[in-house]
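Chain IDs A, B and C follow the sequence of writing; residue 1 opens each chain.
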Amino acid sequence: MTTTLTPPPVDVSRELYGARLPSWGPQAVLAAGVAGAAVSYAAGANLLQAALIAWVICMGLPLWSVAVEGRRKATDRLVTTLVSSAFVLAMFPLFSILWTVISKGSKVLSTDFFTYSMRNIVGEGGGIYHALVGTLLITGAAAVISIPIGIFAAIYLVEYAEGNRLSRWIRFLVDVMTGIPSIVAGLFAYALFVLFFGEGVRMGVGGSVALSVLMIPILVRSTEEMLKLVPNELREASYALGVPKWRTVAKVVLPTSLAGIVTGITLSIARVIGETAPLLIIVGTTDSVNFNLFDGRMASLPVFAFASQRNPGIPPEFSIDRAWGAALVLLVIVMLLNLIARLVSYFFSPKGER
Amino acid sequence: MTSTQAPAPGRASVRRPGDRIFSGLSLSAGVLILVILAGVAIFLTVQGIPGITAHPDEVKSGKSFLPYVWPLVYGTLIAATIAMVIAVPVAIGVALFISHYAPRKLGQSLGYLIDLLAAVPSVVYGLWGIGFLAPHMVPFYAWLDEHLGFLPFFGPASATGRTILTASIVLAVMILPIMTAICREIFLQTPRLHEEAALALGATRWEMARLAIFPYARSGIVSAAMLGLGRALGETLAVAMVLSVGVGTVTANLIGSDNPSTIAANIALGFAEATGKSVNALIASGLVLFVITFLVNFAARSIVDRRKEFSGAN
Amino acid sequence: MNRNSLRIAAPAAVLALALGLSACGAGNESDGSGSKDDSGTKVSGTLNAGGSSAQEAAVNAWKKEFQTANPDATVNYDPAGSGAGREQFLAGGLAIAGSDAYLDDDELAKAKDLCKGDVVEVPVYVSPIAVIFNLDGVKDLNLSPKTIAGIFAGKITTWDDAAIKADNPDAKLPSDKITPVHRSDDSGTTQNFTDYLSKASEGAWTAEPGQTWPVKGGEAAEGTSGVVAAVTSGKGTIGYADESQAGDLGQAKVKVGDTFNAATPEAAAKVLDTSKAVAGRAATDIAIDIDRTSTEAGVYPIVLASYQIACQAPAKDAALIKAWLTYVASSDGQAAAAAGAGSAPLTAEFGKKVQAAIETIKAS
């Protein structure tokens, strides 16, 4: 405590924080890392080695920090470096895959590609309209089945079960359900539908059931986590105002966690929209447009892409290009879905949230 | 985790019709899930038992069930373990980077990009694995073989790079988006007050993450990891395309050309041409996978539940 | 923007999108009732077939012509695999099964039960399986069956092995290691290739033929495209794949009798003529054991013959099934498959036998 009101001559921040690296420190190390990578790459190292060299140089930042700033700060710097490098590491394959799909898939995009089916088309031309329709309908129906079940089950787990034995079993078995291989889900759906419709049944809604088996656990898991994060103060405040429990859940809890729930829905749709094996078993494939989920085979984008690249015929280019095009369209669908999800959570979340 | 207890009012106060309908709906949704799962389990068991009891001459592999399925179990566990070891830290790191390290705008758009990847069909991951990753791994494997060859994991290296390590990396990339997305959402939900309190006490950013974010998010991280694990265990097509599988191989070598297959990949490779008891044997291997998932989840849950001293929402 | 108006607008927009989508058919599809010219005998209805994925490209070519000629007919083909196709056919789920192997005796008995009569089983898709290799500086390669067996069994490990040199006295062969690549999925291609090895290799191949690759060692890759990709990306690699998908890779000539023959469609189709039908089968069941050891001139014995299987007296759609198979086995149909999938057209002589079997299909 100083007894005088005149400000002390020393730099307060220095007093408070102790020695610090200059603010340009991290950038400088990063630049050094990039430079080191560039030099070694030019000197004949391969990409992997160059990246490794850059990373090693970047790890110099925590060492520098431990010398200047002490252990706590250095740990922080180390974690920052690690987290950022994890990110960069993850970006490598992700960008590589995205780039592959976009560069190979964009070649075939045209109006015909979106408005033509493959009926009576061999070789060049044709389109994915039939598969697009099939994918949207089958996945849409799967979402219609799964979303209510998934969200209500999560509500049960978080709001009603009160940790009873049933809820523990549901929670546990939902985790087990995530490990069902997709082909088993398809076989299950087929066995189920054969019970009602006889052998050789093929219908879009069967595929929706198979996809639901894969979708529900993801939905329950992510929704449950999001509901759990809603502070109890909010619920209690609502109860204190005399609001019944179900209205509290519907009007307070769900809107509060809406952003997370919507992300979970998008994720679960993204997870199943690219499934091939179950659809091949229960939905089959056709080259014509079919709008009826309850009658006959439907094409779908992943099955179409799979079959086109596996048995391309001759010359193989056209068919393989169409396969990549279908994969790209799948990506675009999910992108749009994401966009809608973000808009929904942006406009429907209570104020103060995102 | 069974940490969140609904507070008393719902039980103590008068049950209104709306309440009854709502809780009935949610209870039946929960029960329906159990029914679906029981359906899958019954289906697997009924269809699988003829495969388990089948005489070696009746199935294509020419082996009785245990020797047939054991290498597959081994391969499944190895591939999933390596994938998890790679993907979990990276996913947490990426999620943390997006939620707390990167500038907000940048973080959002990057997160968006990662969400997209959840939708890439497995066949594309497979093609990427053979066309891009495997050839790029070849020199690395040769290096491992040369310098660390004395370890049992790095035996003779494959000339094409289509090894179980490559398959595990592809799996890791596949499960990254979903794990990252869930972790990110949970990290973002950490109460601002907790974070600011930690920072105000002089914590560094890492200490803040350790004190405020991780305890809050632990259950969620485990859930995300379990979702990823489920996919890693059950992924069929990508592994089938990338992996060069041997005939009933069990080996510690992660970079050779003779690799153990995984259960799911084996189903994908064999199902199309299977008839009669061979189909049952494949379904029985699916049942084994089901049991494995069951056990792994059981273990993970009991470890997490044992140390639930901190509960998120309360 | 007003939040409330968006609450209504967003679902409305989604609904509008869905309706807009459902309103129109594909640009290239007519509405079905295209009665342009009804003079010929046209068939109509939906034919559900499925099975062998090897046939898929050919089926696509057939479908195009068949559906153009019969605008009211739709043919669906699920390329789920031969085994799945036969299972579903035997369960009564498919009108026609496509299969890379003929029905075995158990399956035939079941099929006769199902059909309440004989089955019509005809090989309609014949494809040469090429031995493909990727070796720097070597374009042409001759291999005897015994050498091929040695390579794939892992006994011959370098390209300058004496056995390979003996087959190629004039070639300059490097001392590179050989990496054999085989199919990791169960397939008719593997079945036919191992069958060839076990019959033609004079004892150098000891494993049982089968759809699953039987011996340890070598690389494995999924599907024809996987094998082709692995052979292309590796060095000193050798594999087996449908000739039509081999692309720019080198294809070995295979020793037949005293000459080395290339994998051409003509040579592949010819081997069917010299092969014997499976004994004890009905006249309509043209199941063939391909003669792998044929020594006739111009024959290529590593061949995949894929069948289409139907009841002789189907419970329904007999006319449609008959019209489809008749077209598929006709010279037009075989030419379409050759153009679209690179298969080997049946020879005229063999085609007649096949047509005679199809001719017996009638309504029950």
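What we mean here is this: a contact is a pair of C-beta atoms (placed from the backbone, for glycine too) under 8 Å apart; a residue touches a chain by one contact, two chains touch by 3 or more.
Keep in mind it's a predicted model, so treat the numbers as computed, not measured.
Engineer: A-B versus A-C: which has more C-beta pairs touching?
Structural biologist: Counting C-beta pairs in contact for A-C and A-B gives the edge to A-B.
Engineer: Taking each chain's centre as the mean of its C-alpha atoms, which one ends up farthest from the centre of chain B?
Structural biologist: C
Engineer: How big is the gap, in whole Å, between where the Cα atoms of chain A centre and where those of chain C centre?
Structural biologist: 38
Engineer: Where the centres are mean C-alpha positions, what is the separation of chain A from chain B, in Å?
Structural biologist: The separation of the two C-alpha centroids amounts to 14 Å.
Engineer: For chain B, write out the residues touching at least two other chains, lowest number first.
Structural biologist: Residue numbers touching two or more other chains: 131, 268, 271.
Engineer: For chain A, what residues touch not just one other chain but two or more?
Structural biologist: 309
Engineer: Where does chain C touch two or more other chains at once, residue-wise?
Structural biologist: 53, 80, 84, 223
Engineer: Residue numbers of chain A touching chain C in their complex, please.
Structural biologist: Spelled out, the residues of chain A in touch with chain C are 112, 115-123, 126-127, 129-130, 133, 136, 140, 198-202, 280-281, 284-289, 291, 296-297, 307, 309-314, 316, 319, 340, 343-344, 347-348.
Engineer: Contact residues on chain A for chain B in the complex?
Structural biologist: 46-48, 72-73, 75-76, 78-80, 82-87, 89-90, 93-94, 96-98, 100-101, 148-153, 155-163, 166-185, 187-188, 191-192, 213, 216-218, 220-222, 224-232, 235-236, 239, 244-247, 249-250, 257, 259-260, 263-264, 266-267, 270-271, 273-277, 301-302, 305-306, 309, 323, 327, 330-331, 333-335, 338, 342
Engineer: Under the definition above, what is the set of chain C residues touching chain A in their complex?
Structural biologist: Counting only chain C, the residues touching chain A are 3, 6-7, 10, 14, 18, 21-22, 25-29, 46, 48, 50, 53-54, 56-58, 60-61, 63-64, 67-68, 74, 76-80, 84, 88, 91-94, 223-225, 244-245, 247, 339-342.
Engineer: For chain B, which residues count as touching chain C in their complex?
Structural biologist: 60-61, 126, 130-131, 134-135, 158-160, 162, 240-241, 243-247, 249, 257-258, 261, 268-276, 278-279
Engineer: Under the touch definition given earlier, write down the residues of chain B that touch chain A in their complex.
Structural biologist: 1-7, 9-11, 13, 16, 18-19, 21-23, 25-30, 32-34, 36-37, 39-40, 43-44, 47, 89-94, 96-98, 101-102, 110, 112-125, 127-128, 131-133, 136, 139-140, 169, 173, 176-178, 180-182, 185-186, 189, 191, 204-207, 209, 216, 219-220, 223, 226-227, 229-231, 233-237, 263-264, 267-268, 271, 283, 286, 289-290, 292-294, 296-298, 300-301, 312-314
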